[in-house]
Amino acid sequence: MSGNSIGRLFRVTTWGESHGVATGAVGDGCPANLSLSESDIQKELNLRNPGLSPSSSARKEEDIVEILSGIFEGKTTGTPISLIIKNRDVKSGDYANLKDVFRPGHGDITYQRKYGIRDYRGGGRASARETAARVAAGAIAGKIIDLAGMEVIAYTVELGGIMADRRDLADIGGNALCCPDVEAAKKMQDRLDEAKKKGDSLGGIVEIVVKGCPSGLGEPVFEKMDAGLAGALMSIGSVKGVEIGAGFRVARMSGSECNDPITPEGFLSNNAGGILAGITNGDDIVIRVACKPIPSIEITQQTIDIYGKPETISIHGRHDVCVIPRIVPVCEAMVRIVLADHFLRHQSANGSKLFG
Amino acid sequence: MSGNSIGRLFRVTTWGESHGVATGAVGDGCPANLSLSESDIQKELNLRNPGLSPSSSARKEEDIVEILSGIFEGKTTGTPISLIIKNRDVKSGDYANLKDVFRPGHGDITYQRKYGIRDYRGGGRASARETAARVAAGAIAGKIIDLAGMEVIAYTVELGGIMADRRDLADIGGNALCCPDVEAAKKMQDRLDEAKKKGDSLGGIVEIVVKGCPSGLGEPVFEKMDAGLAGALMSIGSVKGVEIGAGFRVARMSGSECNDPITPEGFLSNNAGGILAGITNGDDIVIRVACKPIPSIEITQQTIDIYGKPETISIHGRHDVCVIPRIVPVCEAMVRIVLADHFLRHQSANGSKLFG
Amino acid sequence: MSGNSIGRLFRVTTWGESHGVATGAVGDGCPANLSLSESDIQKELNLRNPGLSPSSSARKEEDIVEILSGIFEGKTTGTPISLIIKNRDVKSGDYANLKDVFRPGHGDITYQRKYGIRDYRGGGRASARETAARVAAGAIAGKIIDLAGMEVIAYTVELGGIMADRRDLADIGGNALCCPDVEAAKKMQDRLDEAKKKGDSLGGIVEIVVKGCPSGLGEPVFEKMDAGLAGALMSIGSVKGVEIGAGFRVARMSGSECNDPITPEGFLSNNAGGILAGITNGDDIVIRVACKPIPSIEITQQTIDIYGKPETISIHGRHDVCVIPRIVPVCEAMVRIVLADHFLRHQSANGSKLFG
Amino acid sequence: MSGNSIGRLFRVTTWGESHGVATGAVGDGCPANLSLSESDIQKELNLRNPGLSPSSSARKEEDIVEILSGIFEGKTTGTPISLIIKNRDVKSGDYANLKDVFRPGHGDITYQRKYGIRDYRGGGRASARETAARVAAGAIAGKIIDLAGMEVIAYTVELGGIMADRRDLADIGGNALCCPDVEAAKKMQDRLDEAKKKGDSLGGIVEIVVKGCPSGLGEPVFEKMDAGLAGALMSIGSVKGVEIGAGFRVARMSGSECNDPITPEGFLSNNAGGILAGITNGDDIVIRVACKPIPSIEITQQTIDIYGKPETISIHGRHDVCVIPRIVPVCEAMVRIVLADHFLRHQSANGSKLFG
């Protein structure tokens, strides 16, 4: 039933539908006395907004966040931080024709079957719009992990079949696709343009790196760090796969290739992706997620209506061609939320590296 | 801190170290009046036991489960079901030489760093032995989902670089590697033999299919069915990647390829892997997990001791060459546990398909 | 850390400070397809508002609730229901003089010590104002238990030493103190008037009865129905004691007096208060809570400032003389929230009495 | 459904029936490197055992605890600590005649109605025997709070209508009833003897004091310290009321009487019972619980059988006359468990007073 909260010590609850009054988040369990302002959060939200890229939706979402509680004189007080993002520029009329028909690849059919009712306007709660609240809450988490010296960076490593050959993190900000390989970014953009022309959409892969993560975070056995990250990232609507470190490549490795040799200076490789037996080992955490193509496409598709009769559908409107780059800050937010929670858990028994 | 429980309504807690007195599980929240006997659980445990395959550890673990509570006259009573598996044939002496040195690819170094103490005998809590308790608890979950008409089947689809070309589920039981492609199984076995000779180990991929899953299971947004499955499977020590349906392949698909067309008779494809927007759609759930090679190998590796000094290590003893096939029932168990929990959650608000 | 949520299947999260922008609640896990409107919630909130009674604060809080999510075309959709109550008529200036001094009986000193910071305006998060969000969320819970045929009624049985001799529930609505004994209500009112003149405040006892509760709700052993009720009610700021059925009187009973004899027509007495071994027995649930006097009084008190220096304090402003009657709907709300959660839990394994 | 766990960071799960193979507990989340031996736990268990007092059951329960996991070389490792207490001297035959009839005041009828099945032997899971596991787990919690300088002491303040006039804690150990007033203890014993002769039973009140509790523990608003304590104590089968500090007496106080004046040296009174706004204030925590008479009595009672037909019942066997003194260590255990959990929660955000 209830499933809209994540985290045990730092716990985020989100709410809101695509075409409702607003969406929002409550961040509970943030330590007191951290500086936090609306602009700290707004900065993250802006990364998620449709920008210059033709891959992005034309719906002009200037998501403006307001802090409703939990901050006093610019600082967190330890009480729940309530955030609200009012919905603007909402044209529900666009969706009236989708009332009675299930869009392939969307949650329309499963929400209807589960609940016997659904807010069909723009996907309701299953809309990507729900992720705005995650990004806002992730900004609170960011304050916690910043203090602990951790940094989370996500970027595009594959889109429409084009792979980034390089990981030049300095280049991420320089292109609309958040790609660390500028040459690849151009080719990705070409693919997006082609897909747009065809009325189709594309998938891709986002990689997330955590730098500065201390060793010791993660709670065996069911609440391992990698288990928490996998669950949190797989909860993003478009994600169909999550891998840590060498990920699926480990299946073709031998032990002598896969084991990361240990030296007094650290590990000689990072196939583990910074996590051993569910606990961080002090190396960078490296995660990749596979994002499916946006299911709303103009190309005509076969489907059924809510009465079970065959239908065809061609979806017009303000849709992105790919969840990249807008999903990039969402991935960062989810990783920050998991890290903040695990950092606080670790503190509970292992004393204060931070707040002492 | 506490991290050894999973599930909200059907909740499993496991405990125990590789070379302690015993391992066990408590299954809490099982509905009353289900038939459950030790042999129901033993049957599953036996699947995890070292069998004929040379890939398996020579440690003779006849894991015998005992039910300590929760059953009365052969039926569940709704109270916690406590299971114990006593450790036998334990040779702690084998591990004395590992007291002061960290084995690459193992949790030795992270447990030491997190806790400042570790039970170094056989990996302690981080041992694969911990999964025996999962399998035992999974057998309880199996009773719940059996009733609901769900069936979970896992099998090997890749090992040491050899891929199964076929999914002939009838063949799974006919080979030691639980592979649905008998020809591939032979080649996989050859690879295992080679690796064993070299003192090395191998990785692989296990696929899990859920048949008969009703539509409507899974709780948006953070407790989606796929999020739960990903977290549960990633909590298995060897797993470094989880994908649902088309998984990482979606990154290279277009929307028109990836979306599963809907017809009155059902979906025409299953790239979604049976889950849309985190809720089951009535189709088979399909999951794949990437398993890393067993880190304990005879080949000499570079490492450090607990004082930080460089060391080399060659690990002898009764180790498997690959976690396959022993991980197969563990994957099934974790999926059953997640399904049982989600089935009960769904019941809570949507009425009784089962117990009415 | 995070502690602002209650419930497992129906989960309520509240947020907001007395003198912040707003307070609110998120109700997650409400079944779909229940009718719910703002007026359903407003009706409950109005009961908590300062009314005619001189015992009530002069702060004119017309708490207007807005539903921000989770409702579509007048019905719940199964997604989180976000409620907001904007703060109006807030005079923070009133509290500037309390910035540096701890009010006896208040949370000022403990919040300061726990968090090292506090929103001193009107008690911040520790204000009774926080309970508005509970009442609003309780109205959602009310929809669930209404359907199940349960009814929750709270009323005043003691105030300022005056005890209600009768339990004429029809009289509750007819007096400002929600007392089922009109004669006693008059005497209570006299006591309130006296206390007000002295600049003092008074305590009292509220009794809560649940009618129509089916047998079988409550989960042994730590999540018994009475344990859940006690925790939920004790979480109300003013409550210092909770008792079920005969409550503290059981200490002076013999077994032959205390045991409720069972007959085919039901129990002959109700010392159990409707709960046996943590599970409802089908009889009325009866609970009493002891409410302390409001700590803000004009009478001069001894205290210290935030630097530890002795101070005296006389608190002027818009304070109630007694938490009764405003706490009455808060008690009802907490009981409804616990019942709704337990009802859904029970459904999960025992099939649908309601939603089938 | 699942309801046999308590705590968030330090989490205890218990299992076992009165006449099953064993009862036990899993303590998860205990910090590493604490010394813990079976004798530490046995010491607590012995306090719960039938001793010299004629008020105690004649069933000779030498509860012997075994540690099955989580300890290595005498120290906690941070992994789950599994405890088992095997049932001995069990005569199920004694209970065969109770198979078809509901004992008044017991959970027989509610378990049967909830689950449709029950282990009728000795009350099954609803037996007071279940509390042995609580006491064992409480000993682990004791190790955590010992370190933090907290001490929990429970004692009898009322039994069969006799009240202790004094609180001479040094006298608690000197009488079989754990009463801090030796004179009162004698009168209580007389009452017990009388009740035993009549085949009846008696109730009483236990007071629990926590000394040395630091200020700042407890998480507003639903997870306040007092809410946690009330829920934990009310989960003990016999408890029908819980009060903190002045408890129900606050109902008759004025604010000027009830508020504890604050001075640089501390509070001048302790009506708050050490908790303000749900957070500990550094003073002693004081709690009282009302315990009902043991429902198993020889005096003939009116009841029904499982088919709903009227019956009379006279219960013979090895029953105590009063839950006091055996409930005393159970109360201590529950308070220790709550304190340990809250201590760890507080640590998570507020740094290490202990483990640094």
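Letters are used for the chains, namely A, B, C and D, taken in the order the chains are written, and counting of residues starts over at 1 for each.
In this text, contacts are C-beta pairs under 8 Å (C-beta built on N, C-alpha and C of every residue); 3 or more make two chains touch, one makes a residue touch a chain.
All values reported here derive from a predicted model rather than from experimental measurement.
> Could you split the other chains into touching-connected groups, assuming chain A is not there?
Leave chain A aside; others remain one piece.
> What's the chain with its C-alpha centre farthest out from chain A?
Checked the centroid distances; the maximum from chain A is D.
> Would you mind telling me which chain pair, B-C or A-C, is linked by more contacting C-beta pairs?
Spelling it out, more C-beta pairs touch across A-C than across the other pair.
> Can you check how far apart chain B and chain C are, centre to centre, with Cα atoms defining each centre and the answer in Å?
45
> Return the distance between the CA-based centres of chain A and chain B, expressed in whole Å.
Centre-to-centre distance between chain A and chain B: 26 Å.
> Please report how many Å separate the Cα centroid of chain A from that of chain C, as a whole number.
38
> Which positions in chain B are in touch with at least two other chains?
In chain B, the residues touching two or more other chains are 1-5, 8-9, 14, 29, 31-32, 78-79, 114, 125, 220, 344-345, 348-350.
> Give the list of chain B residues in touch with chain D in this complex.
1-5, 7-11, 13-17, 20-24, 26, 28-29, 31-33, 66-70, 72, 75, 77-82, 84, 114-119, 124-125, 344
> Which part of chain B faces chain C closely enough to touch in the complex?
For this pair, the touching residues of chain B are 8-9, 29, 31-32, 78-79, 220, 344-345, 347-352, 354-356.
> Quick check on the complex: what are the chain A residues that touch chain B?
My answer: residues 1-6, 14, 102, 104-107, 109-111, 113-114, 125-126, 130, 158-161, 195, 198, 200-205, 215-224, 226-235, 237, 240-264, 268, 271-273, 275-282, 290-297, 299, 301-304, 308-310, 345-346, 348-350.
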